[in-house]
Structures are given as C-alpha cells and as structure tokens.
Amino acid sequence: MKNTYGNAVSMTIFGESHGAAVGAVLDGLAAGLPVDAAAIAAAMDRRRARGDGLSTSRTEPDEVEFLSGVVNGHTTGTAITLMVRNTNTRSGDYAKTADLLRPGHADYTAYAKYHGFQDARGGGHFSGRITAASVAAGAVCQGVLETLGIRVYTHIAQCAGVKDAPLSSAAGLVLPEPEPGHFALLDPSKEIPMQEAIRAAAKDADSVGGILETVITGLPAGLGEPWFDSMESQLAHLLFAIPACKGVEFGAGFAFAGMRGSEANDPFRMREGKVVTATNKNGGINGGITNGMPVVFRTVLKPTPSIYKQQDTVDYTHLENASITIQGRHDPCIVPRAAIVQTTLTAFGVLDLYTQRFGTEGQTKR
Amino acid sequence: MKNTYGNAVSMTIFGESHGAAVGAVLDGLAAGLPVDAAAIAAAMDRRRARGDGLSTSRTEPDEVEFLSGVVNGHTTGTAITLMVRNTNTRSGDYAKTADLLRPGHADYTAYAKYHGFQDARGGGHFSGRITAASVAAGAVCQGVLETLGIRVYTHIAQCAGVKDAPLSSAAGLVLPEPEPGHFALLDPSKEIPMQEAIRAAAKDADSVGGILETVITGLPAGLGEPWFDSMESQLAHLLFAIPACKGVEFGAGFAFAGMRGSEANDPFRMREGKVVTATNKNGGINGGITNGMPVVFRTVLKPTPSIYKQQDTVDYTHLENASITIQGRHDPCIVPRAAIVQTTLTAFGVLDLYTQRFGTEGQTKR
Amino acid sequence: MKNTYGNAVSMTIFGESHGAAVGAVLDGLAAGLPVDAAAIAAAMDRRRARGDGLSTSRTEPDEVEFLSGVVNGHTTGTAITLMVRNTNTRSGDYAKTADLLRPGHADYTAYAKYHGFQDARGGGHFSGRITAASVAAGAVCQGVLETLGIRVYTHIAQCAGVKDAPLSSAAGLVLPEPEPGHFALLDPSKEIPMQEAIRAAAKDADSVGGILETVITGLPAGLGEPWFDSMESQLAHLLFAIPACKGVEFGAGFAFAGMRGSEANDPFRMREGKVVTATNKNGGINGGITNGMPVVFRTVLKPTPSIYKQQDTVDYTHLENASITIQGRHDPCIVPRAAIVQTTLTAFGVLDLYTQRFGTEGQTKR
Amino acid sequence: MKNTYGNAVSMTIFGESHGAAVGAVLDGLAAGLPVDAAAIAAAMDRRRARGDGLSTSRTEPDEVEFLSGVVNGHTTGTAITLMVRNTNTRSGDYAKTADLLRPGHADYTAYAKYHGFQDARGGGHFSGRITAASVAAGAVCQGVLETLGIRVYTHIAQCAGVKDAPLSSAAGLVLPEPEPGHFALLDPSKEIPMQEAIRAAAKDADSVGGILETVITGLPAGLGEPWFDSMESQLAHLLFAIPACKGVEFGAGFAFAGMRGSEANDPFRMREGKVVTATNKNGGINGGITNGMPVVFRTVLKPTPSIYKQQDTVDYTHLENASITIQGRHDPCIVPRAAIVQTTLTAFGVLDLYTQRFGTEGQTKR
C-alpha cells in the first residue's frame, strides 16, 4: 500500500521536502478522543532542528494544521488530515549537484524507480522532512494510548560512540521525560559528551549515527498475532520506515546468538496476583504477542549520508565517474531528532494492534 | 490482516501443530508459471528434522499436496493452496505439563489472547511446524524469481558460538548450494564444529541460537518504496514472523552505530556501463529501494525455548509458582532448519514488491 | 487482494470445480466462539444440488473438513481453514467442447487473463462449486451473528417469472426458515408454480434467473463507514462475487428514480424509547451506516448460461465462427441454491464491519 | 480501511463540509504521467453547483491545490495529495435545526456511530462536498486511462421522470462530451424537459432522483478477478460510495430476472480477427472479468433528502417526536452533478485493476 500502513488504524503520509507541504491522514480513530495541541506541538519541537551545530540550520516552525477530523479539540471519528507547510526551502543548493549521485542517499534508486521524474529538490519524498508528518500523526496516537495507560518512551542508547546508562539501571523503569531542547537520556550527564562527539565529527566534515532504545509500558498481555502480524513484525515494519534505520532488535536482540536457552528464557513468576517474568530478555513479547512486561527494542541509525567531505560518485547524466562535495544544510547526526519519530511511529503501531482486538469503541473508556 | 501478508502477491498461512494439517494460500501469481515439485520437495527436505540429535526426533515426510491453483506443473493464475498433513503427533507428551507455562514460549500470551481456547497441543498455531507451509509457498515464489534471474541464498553466519566464513570472503559472491542434509555454510569445514557445539548444549539439556545471513542477487534497481513499503520494512515484517527471530539488520546493521558517514556511505562507480557501489555497507538498499547491488541482511534467532533443564515457572490453573521440566521432542537448535524458512519468506516478499512494479504480467518473460 | 476480502474479519477462497477441493480460510474470529457443525451442514444442504430437474444432477455430499482453527467445536482464535473435497467430477464432458467458448461464461475472459493455463475443467475457478466454500465459511460467521442477536434471511423474491409475497406482507418481519429441500419463500404456496416454471424452461433446453431479497434484523445502529466502507459498498462488493449476480439494490432501489424526496425520506419517530423510522425506503442504511432498522436489499441473478440449445460462438483455437451445444450437468436455474450463498456472504460482510467497531473481543458477550 | 480504497492504486479521501478543506491522497501512480490541470478543472466544473435553481446556491470556485506528488505537470511517482479549500460556508443555517434529525440524512446514524462528536456542520464528512476531492483525484486517473486508450463516459439515463435516448441508439457508441454547464445526455434535446421537471419539483419544495449510465470503452479483455475482486465488485464498491446511490446494475441488470438464458447469453463472434460478442447484455463482463466489449452499468440515485417541505422527525436531544423544516442551500436534484463523480470514481477503480495486472510500469507506454 505504498504510503499507507495499518489495518484498524491507518496512516498515510505524503509530501516532499521542497513541495507545498508534508502531511498525513490518520484513519480509524473513534470519535470524541481528545487531541492535545500542546502535546503535539511538544512532539514537533523535539523533532525540530535547532541550528545549533548539532542539527541542520534549516529550522522551521512546523506548525501543524488540521484539515479534517478534529473539531473543538476532539476527534470527529472520520479521517484526520494534518499538514505542515514547508517554508524554509533553498532549492538552489541542490541544483548545483543535481547530476551527481550523493553516496548513501536515494538519488540513484530514485532515478531507477522514477525515471527522472522524482522531485529531487532537497531529497524530495525521501527527505527526513516527511517525518514531521508522521510525528504529528503519531503524537495523536500517543495521546490516545496515554488515556489507556500505555506509555512509549525512547532514549538515545548510544550516539557518536557515547553510551547512555543502560535501561536496567533505570530503577523501576522510571523514564525521565527530556526537557525541551535536551537529549532524551536516562543519564542526563551524557548529554554534553554526546554533543561534543557530534560536533567533533561535524568539524571533520563528517557525520555519526547511533542507537535508539524504546520502552513501552502499560501494555496489556495479548496484543499482536502469532505470525505475520506479530508485535515485532508490526513495529519493525514501521521502524524500518525511519530514514537511516538499518537494524531492529527486541529484548536481548543479537546478544541471543551467544546465549543458551537457559539464559534466554524468562521464568514466569506470580507477583501481586499477576503473571510476570523474572527477567525480560524477550522484550515483553512471546510468540509475537505481548506478555504484559515492558516491550523493549533498539534501532540502529546509520550516520547521516550528507557529509561535507569530498566523495567518489557517478555523474548520472553523463554516466561517468566523478566526485561530489555536498552543499546545503544537513544534520551531522540525526539520532537525537529521530527519538520522537521512533516514539510516535511506535505509538501508532501499538494503537493499530490494540484496536484490532478492542475495536474503535475500545479506544476510549466510555 | 493477521495470517495474511502481501499486496500484489499475498500469502495466508494456517494450521496447528497437532491439527489435521498446516498449509498456505498463495495468491497473485500469473498463470503459466512453472511449479517445480522437485524444487519444492528439496526445500521441504532442508527444513525437515532428522532425528540426529541436532533436531527434534519428530520426523515427518512433509509431502506437499496442492489443493488448488496448479495444473500440469503450472500455475493456473488463481489462488494456490497447498497443505502438509500432520502425521507424527504425540499429544500425550504435552498433556502432562499443560498447566505449566513454558518459559520463552507463547503459552502465557496464548492464554492472554485466546482465553484458554487456543489449541495447546504441541504449541498449536505457534509451533515451528507452521513454517512447513510457508516454506512450500515461498519455494513456489523462489522458483518464479529464479526464472527472472533473482537468487536468494541464506547461510548460517553463526551458530552455537561457531562462525561461518564472512560473506566478503565469498569471492565474487559464489554461494554454494548446500548438499541435502548438510548445513548451509560458505565454509563447509565449519559444519562439524557447529554440530559438536550444538550436541554439547543438548547434552547439557540446553539449547543454542545463532545468526542467519541472506543474500539476494540479480535484483533490479528500483524495487521497494520510500517509506512504509521499503524493501527493509517488507522483509523485516516477514522475518520477524520466523519463530525465535528477535533481530534483523541490513548491510552493516548495528555496526553503523560506531561508524562515521565517510565510512558508511557506499561510493557510486561506473562498471561496465552500469552504476554500482564500490562497497555495499548499505546492503543493496538506499532510501528503502534496491540499488542493484546484492541485498544483504542478518537475523538473530534466539535459542530454542524448549530445554530439558528444570525451570521456574507458573502454574496457570492454580496461579501459583511452580517448576517445569519439559518433555516431548525438541530441537536443541533451530538455526540450521530455519535457513530455508528465511530464504523462502524472503523470496515471497521480493516477489510481492516486484509484482507491484511490474504487475502479474511482469512475473514472466512471455 | 484477489481471493481475499475483509478487513477485521477476512475470507480467502480457493479451489477449482474439478481440482482436489474447494475451501476457504476465515480469519479474524475471536477464540471460544461456538462452531455448530449441524448448522453448517444445514447451510451446505440448502446449497446442494438435488438432481431433481431443478438443479444439476452432479450431487455431492459436500462434507466440510476443518483443517485448522476449530477444536472441540469452538474457534481457537487463529485462522479457520475448511475444505470440501470434490468427488463427483466428470471432466470428460468438457473436453469435447474445450475449444468452443460458451456464451455467457468466463471461457473467453479466462483465456484473455490466463493465456490458456486456466483450469478449464468444469469451469475451474469460475465454477459455482466454489460457493460451497464461501457458504461454509459464511455459515460460521452467521452463527457468530446469531449469538449477537443479528439474523440474516434471504428469500426468492422472484424466479422464472413467479413472484413471492412482498416483504411488507411479512407481518412484523416474521421470516419463515425454509424446510430442508424447500425453496426459501415468504409464501410457501409459490413453490410449486416456481418449480413448474423452472422445469418448463429446462424442457425448452433453456434456463431462467430471478431476484433474491435479503433482510438483516437485529443490527445495531452505527455500523459501516461514510464512504468507501459503507455498509452498501461492503455488501455489494461481496454480492457481486456471487456468480450470475448482475445487480444489487438497497431499500427502494431503482424505484427511487421515480420518487420525490418527500416519498423517499423515512420520517424518524420515537417508539418505546428508541429512534426508529416510520417507513424503511432506505433499507436500514443512511449515509452508508446502519440506522437500526432492518437492512433490506435485492440482487438479480441472470439465467444460468449453460443451456442445451445450440448457440453461436467462436472456436478459440482456430479463431473462427462456430456453434456449440453444451453437454454436462447444469442447473436450469441457480436462484434457489444461491439464496444461502447470499445469506452467508452477507453474514461475513456484516461481521467484518461489526468487528471493526467492536474488535475481536466484541464478537462475544464474555 | 475506512476512507482508503484500492490495492495497486489507492485513494484516501478526507474532509468535512464546513472544515478547512476536502481532499484526497492518490497513491500507486507511476512517475512521469502527465497531470492535465485544465482537464481536472473541467471535471471540477462539471461537478460544480451553479445557483441556477437546479443545484444549490452554495457555489465555490473549487480550485484544486496539489500538496504533493506532482511537479511540472507530471507525477513524481509518490503519493499525490490534492485539496480544495472550503470557502463559502454558512454554518449558521444548520445550528437552528441541529437537534432535529433530517429524514433521509445521516444525522441519526452519525449520532449512533460518533456519540455526538461528529462535525455536524453542513453534513460534515457526509456532505456531497467531499466528492469534490474524489472528482479531482479520479480525474487524474481518467487522464492516465485516456493515454492508454480507455475512455469512461457517463450520461443521465433518467432524471425527474425524463429519459435520455437509450444507449443502443448511440450509433457506434459515439458518446458526446457535454458542453460546459450542460447536462451529459446522448440526446441533448432532453435537457430542457429535464430541467423543467427538476424545477417543478423544487417549486413544490421537493426533490427528485434519477439514473446514471456509464460506458467504458477501450478496455482490454482480462481485467478483474473471478471472485471478490471482480470488475463488478470493484466498481460497485466505489459506486455505493456516491451519496444517494442505492442501486447498481451491469448490462441488462435487473431485466435479467425476466429473461431466459438464450436471451441473456451474448454469442461470441469473430470480427476483424478479434473475438467480440454479437450483443452486450452482460455489460462487457463475464465471470467478473472484462471481455473487451464496452463495460456498461447504471446506478440509481435517490432524491436529495434535503427538501423544504415540513417533515416528521425526532428531536434527538429531548428524544421526542417533532417536525422539521430544513433551511440552508440544497440541490433539488443531485443527478446532473453526480455524473462526473461516477465517471471519475470509475476511472480510479479501473486503473487499480489495470495496474494489478500490468504494474505501475504498465501505466505508461514508456
């Protein structure tokens, strides 16, 4: 379905970096759910570039306009369409290098797929700018989950070689909400070293990547399906739609390769009349279905492909080897801004599976 | 869509471990495509348990019966339904421990979702047995891809702590087809050490996991979509439907977290009139779309949860702590048998995206 | 999605007339729903040919085998697969006329679509035989609806020129369940005249069609969506999958063309504390959504295309004009047998929309 | 999927009558297809109200703004989003009667579904205004079909009791394109009588309905699927999304009920080396699949429910019987304006099935 995903709740995203707007249609929400403009604005703010040497100097207000589906701060029950106008575009930066395929970018694959008719300005439909739409739409879903007691939280587990405190150290899973303008970290003291490491790469005309870790708490046991619609399949499908995401792992993830079953299995125990697991190596999911423990996963985001170093490439017009030095405004590291993208896409994916089981009527405690 | 996945080509799987049969419906194939019974049987044979101490002693002939959609060895263009009868079932083994939730299994999540009406015998719908259906259906897709020059190959990159030769050492990507009954390895000399390591774990009443690596060659550039239907999203969705899969990474995967952009980017070069990349860190995919280089990814499979060691657990009927010692016949390691599951699900996922672009008519060189 | 339909509840049908079996996969049902084998057998019996001069002399026991998803007479919550083996096939009848396109049939369109690889025996995938699968699967849905107080009923409004009593004459919408082996009629006295008219056509080596009318009672107000997933769109999509169906109308249907708004509008009234409509010209649906009144619609089924009269046609092999006299066993009228097909597909379509609103959990009064 | 329909090509519609805008996302189009702004404007003009006593006096310029997916008059290959701002809204008209359920409208069903949170102004999401979005998106599809030699044409077969010339009289299927501002008729001399009949109803504070007939020419044989995705199912699904549509019939439609098979069957004949049918009673479709003859179908549209006569109804707030006299600006007849809605939705539905067979690559003669 190309730009549409989801079954009981679906999201359709659209837009190009330098087109009129980016936006999303969110469908399948019940009527009467509160839509908190301030919470959406806060999510947009966390995605926003700040022109601070850590992210692109293309900064935009990212005001979300609702075109349909929301009246008086509540959902109407019909398709919610929101858009964010593109305002700060400097397409001239790109024209200079239009023939030269940027390594690590989708320039070449866009040619292969779109025969030259793609909107090449600013990465077009491949631009990270499109995530502004998914953040806004996902933030609506996150608001719904919160009324159901389900919370999604993402922190920067690793960035530019600097690691945050491990999740296990977060006693009782107290997940600190980041201050506006600050990195999402379990250990705030890691922010300065991370920023320094990012700036060091930027100074080298280079870029860095990292790892984002998400925790979902408050999920009921029994969400997801045994095979194709496992909670893991559902979330991974969405996570690999985050630009630069090249890997997803749940629970112990790739570390399972070195374990034995006796280490990998989470023993069941009774606690306050409820079935829990003593450990959570499986990241809250057994057989594709939530077991009521926190769902935990990590994604890896590759370094931003736009770097200012000179690189070998191909001139696509003349089909000959060439070199490129990229212009324009780019993030030396996308990881901090991507945390909220991951959170909100996750919220959307969870709400879809929740609604498959409990219906649109189940989205609210009417 | 629960047990159905795919858009232009779709697969629906069904069955329980100790029910009448497991099977699949494969839809969206053009008419007149050859269905090679021998190739399907060979794929089934690679998934088959051998009762050799490495896999479960429940061995079954796994004969594939086509109920519809295939006449005279060719597709008719309508839904292909195939099934594999269950023959060698010993449900008694499970009755003894029915109340005791097996750690690492879906016993508890099945209760949470199905309120006790799940088919609990042999894992029911959660059993690895269901993969027999997806292997057969995926093998049909693999046959179609091969006529289009697209090849899917999976090797055991790591198992029980023993590593295969790295893919880069496979000069010119010569991928050796494993002999029937042997492990899929780039370096066949690793088979004996791997088997010994698996048997050592089994002797300890324990189990092991590993890593499977898949390479797809011959793909045209331009398959996949920028966001939700990226090649990565499509494949990850299917790969996380493999029981025990807890992680998926493309190209350099999680190693990207420690790289800089100048290392992560694959420079474009002209080679024999074609655009290629000098390296393949991105695993053949840029912006979610194939770039014509081999697509490369790895999955991690956790150790088989069925181990013969005594484990802490919960008695679900009495809701009290208990301990369990699992009976029945189980694989100490699922990784070698899962290689063909990964290959065939991949073939299905690729054929779906191929067909979205080229139509059912494009599935053949008529 | 070709052979799969439905969103929260989906049905996949497969099979060919002279293949191994016809069958269906029904997915999206909650666990623990009763599956009444006797009720399904009764539905199959109503679809069954009787070799009585009114329907084809190809009579089959139509035993439904459940391959998955049902244990001890209850759903397990996973995909339900059922199949009906084909037993009484005489493919030889068709070989004689294989080159000659049967007028009104799909012979030519199958060639155009499947390039000659279609299963031509007995109509292959186009045979009315496939409806055996949808009846069985739909009967499972009908059973679920009945526990929710929703009843679907179809009568033969007109057949071979003979009309049943109009629905309005059915005082208080008492809808008589037909006796096994008898026509579904509001006025049973119309059965003999209808049968005589059908036999008269058969005696002329000809066939007849008719009109089926369905009533759904007990529906809650508020099912369906304003546009693409209107109750009318949902049902019409399924009804046009009934072989020979060439028209669908809701409420007053085509008679609306001659009305004024003041006649067409159903006034709202309070009755016993509930909002009802004084008339039901709109067939229980406003704006695509049920209003709590009975949903009423009619389909027209064209005369069976297989007639024994000689007909003009084309020899597809030699691409020249020819004439054909059809052999084989065929119904002179499909309408009486199609009533249960319409009822059960309707039940499926309603259950899907019901589940979209109330979730799989809402399918039962747990 | 609620507000999204289509498989290879999909359309998502959104908006409310008095919200910010109505719009659509059209996905699945290849890159490089021409988007003819003038043709889209012409389609919009045919849907436009004229304030001439035949349609509502709410007239709006209906300017289509493309938010994404179109650059330099060509598709980019990514999701096309278009919107039409709402400008001429007078919500005050509705406030006066907000409690009173308008007979024939969705007021009551909206309450039942949306619990009072629906956007009630001007019919909200149920307003015919939303068809502005589907006309614009469908006109893009129509443009693509035209480059493939496929033409969709709709005329007013009957309106307010006045009939157009029958299709058979249209020698050689010459289908006259209506002049801007004129009714789509095979016989233009019927326009004045139709308009007079509509005005007569309006003068009586009443409204009228009618029948729209569509012809699709140039279709290749072999589009559509045997069962759920039959050409008839696909089109009927979309046609029942037209507000006021209460019936759809293909070919001879409901007249089949009175025919015998020997009349209903279309004999095949060779003509200029091609297989054709001597008659077209089946409306160009056999077994759900196009046979290369023109596809012909009719819809019935009920009279506009908004009439100025006093009507019985219910006061929903006080749950008591009441009477209503509707204010606001309304069409006494929606049929003439709906013709282009039917044409463009049909174009979309056909393009979807075409693309399923030939792929996005097949949408153009590259």
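Note that the chains take the letters A, B, C and D in the order they are written out, and that residue 1 is the start of every chain.
In this section, a residue touches a chain if its C-beta (ideal position, glycine included) is under 8 Å from a C-beta of that chain, and two chains touch if they have at least 3 such contacts.
All values reported here derive from a predicted model rather than from experimental measurement.
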Checklist line | Higher-contact pair (C-beta pairs counted), B-D versus A-B | finding: A-B
Next item on the list: Name the chain whose C-alpha centroid is most distant from the C-alpha centroid of subunit D.
Entry: B
Check: Cα centroid separation between subunit B and subunit D, in whole Å?
Finding: 45
Margin query: From the mean C-alpha coordinate of subunit A to that of subunit B, what's the distance rounded to whole Å?
Written below: 26
Check: Which residues belonging to subunit A are in contact with no fewer than two other chains?
Finding: 1-4, 7, 13, 78, 113, 125, 226, 356-357
Checklist line | For the subunit B and subunit A complex, residues of the former touching the latter | finding: 1-5, 7, 11, 13, 101, 103-110, 112-113, 125-126, 130, 158, 161, 201, 204, 206-211, 220-230, 232-234, 236-241, 243, 245-254, 256-270, 273, 275, 277-278, 282-283, 285-292, 300-307, 309, 311-314, 316, 319-321, 356-357
Check: Which bits of subunit D are touching subunit B when the two form their complex?
Finding: 7-8, 78, 226, 355-362
Next item on the list: Would you mind writing out the residues of subunit A in touch with subunit D in their complex?
Entry: 1-4, 7, 10, 12-16, 19-23, 25, 27-28, 31-32, 65-69, 71, 74-81, 83, 113-119, 124-125, 366
